[in-house]
């Protein structure tokens, strides 16, 4: 069975519309053992969320076309089984009012873009109890 | 077109050698191609006075550049984004030239 | 409840068009832009009602992907419509033998595609009928008679389901 869940890989749902940033996060997180499910915007995320099991972590860009990150966050918070999923926001602007709103809505943290690889990994690993993937070789 | 120098000393304080995480190598061609395409897009939309698109593209570039190791790209993109908010055509045009020149001269070294 | 369609298509214009056509029809479209992303989705999400698949894709080919889909629990009997610019008859037959339920050429336009989608989807309330090509084995029976038109489907399919 080709099921990554049975293989034990933790799943990261990545909602990011900037292609190269998304590719980079995917590369970094797959390198340390995650299965990354990408969604290109908030609408796609809202479509995928009901179809998949709750992931180990969500990395969610705040500024997204069509449906923004805060709205997706509300969707996540009201989806059964997803309540315990840690959500970390991604943003290019730290002063955003939306960052504060996201944290108030239950996001665990936010990461500023651009980010350095080690900082990204360290910040995200904090929220993963138990489902620690293999260390980067 | 200037030759890429081995030492980073260059005209107008531009760095020309960039150290990039070796594991990013597979993504590099697309990253650089997309940045060059972004410059074209910003030039075209600037000509149409479409500051919103310039801002949007610059914003995306700002977030991606430094993540790949290109702090200079983030720096320039941040300037363009700010100038686009202010509708400052001449600053945008100038920064786009600088960015264009940089993208054509930059040399990637993997570490 | 909206029916889900997994669209695997790397071309921007084609996918934008197909998405809007299908969404106007009331479907919820999940879009994978390359074979790798599609594989991740197959491994992660609940099976959709139907898959639309371009044969030519980055990273993982459409025919590889079809194998992945047909071998994945819960996805074996999902209708797969191959959408391709390729009109080379042997390639078409290979796709049908490889597990595709139908084949629509891009040139024929979205109207034809929509008809195929409607034809292959079960009427509400009915369970999904297994297509004649389940697992690809019975497709070997796929016979000589062949439509000259743009649409290709396995013979014998007229006997089974009618779309809603």
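Note that the chains take the letters A, B and C in the order they are written out, and that residue 1 is the start of every chain.
Just so we're on the same page, contacts are C-beta pairs under 8 Å (C-beta built on N, C-alpha and C of every residue); 3 or more make two chains touch, one makes a residue touch a chain.
Quick caveat: nothing in here was measured; it's all calculated off a predicted structure.
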Pairwise touch network: line, ring, star, complete, or other: line
Selected pair, greater C-beta contact count between A-B and A-C: A-B
Of all other chains, the one whose Cα centre sits farthest from chain C: B
Whole-Å gap separating chain B and chain C, where each centre is the average of the chain's CA atoms: 41
Centre-to-centre distance between chain C and chain A (centres being mean Cα positions), rounded to whole Å: 30
Centroid spacing, where centroids are CA-atom means, of chain A and chain B in whole angstrom: 26
Chain C residues within the chain A interface of the complex: 4, 28-31, 33, 37, 40-46, 48, 68, 71-73
Touching residues (chain side chain B, partner chain A) in the complex: 21, 23-24, 26-27, 30-31, 34, 59-60, 62-68, 71, 74
Complex interface listing, chain A residues touching chain C: 1-5, 11, 35-38, 40, 44, 47-48, 51-53
Of chain A, residues touching chain B in the complex: 17-21, 23-24, 27-28, 31, 63, 92, 113-117
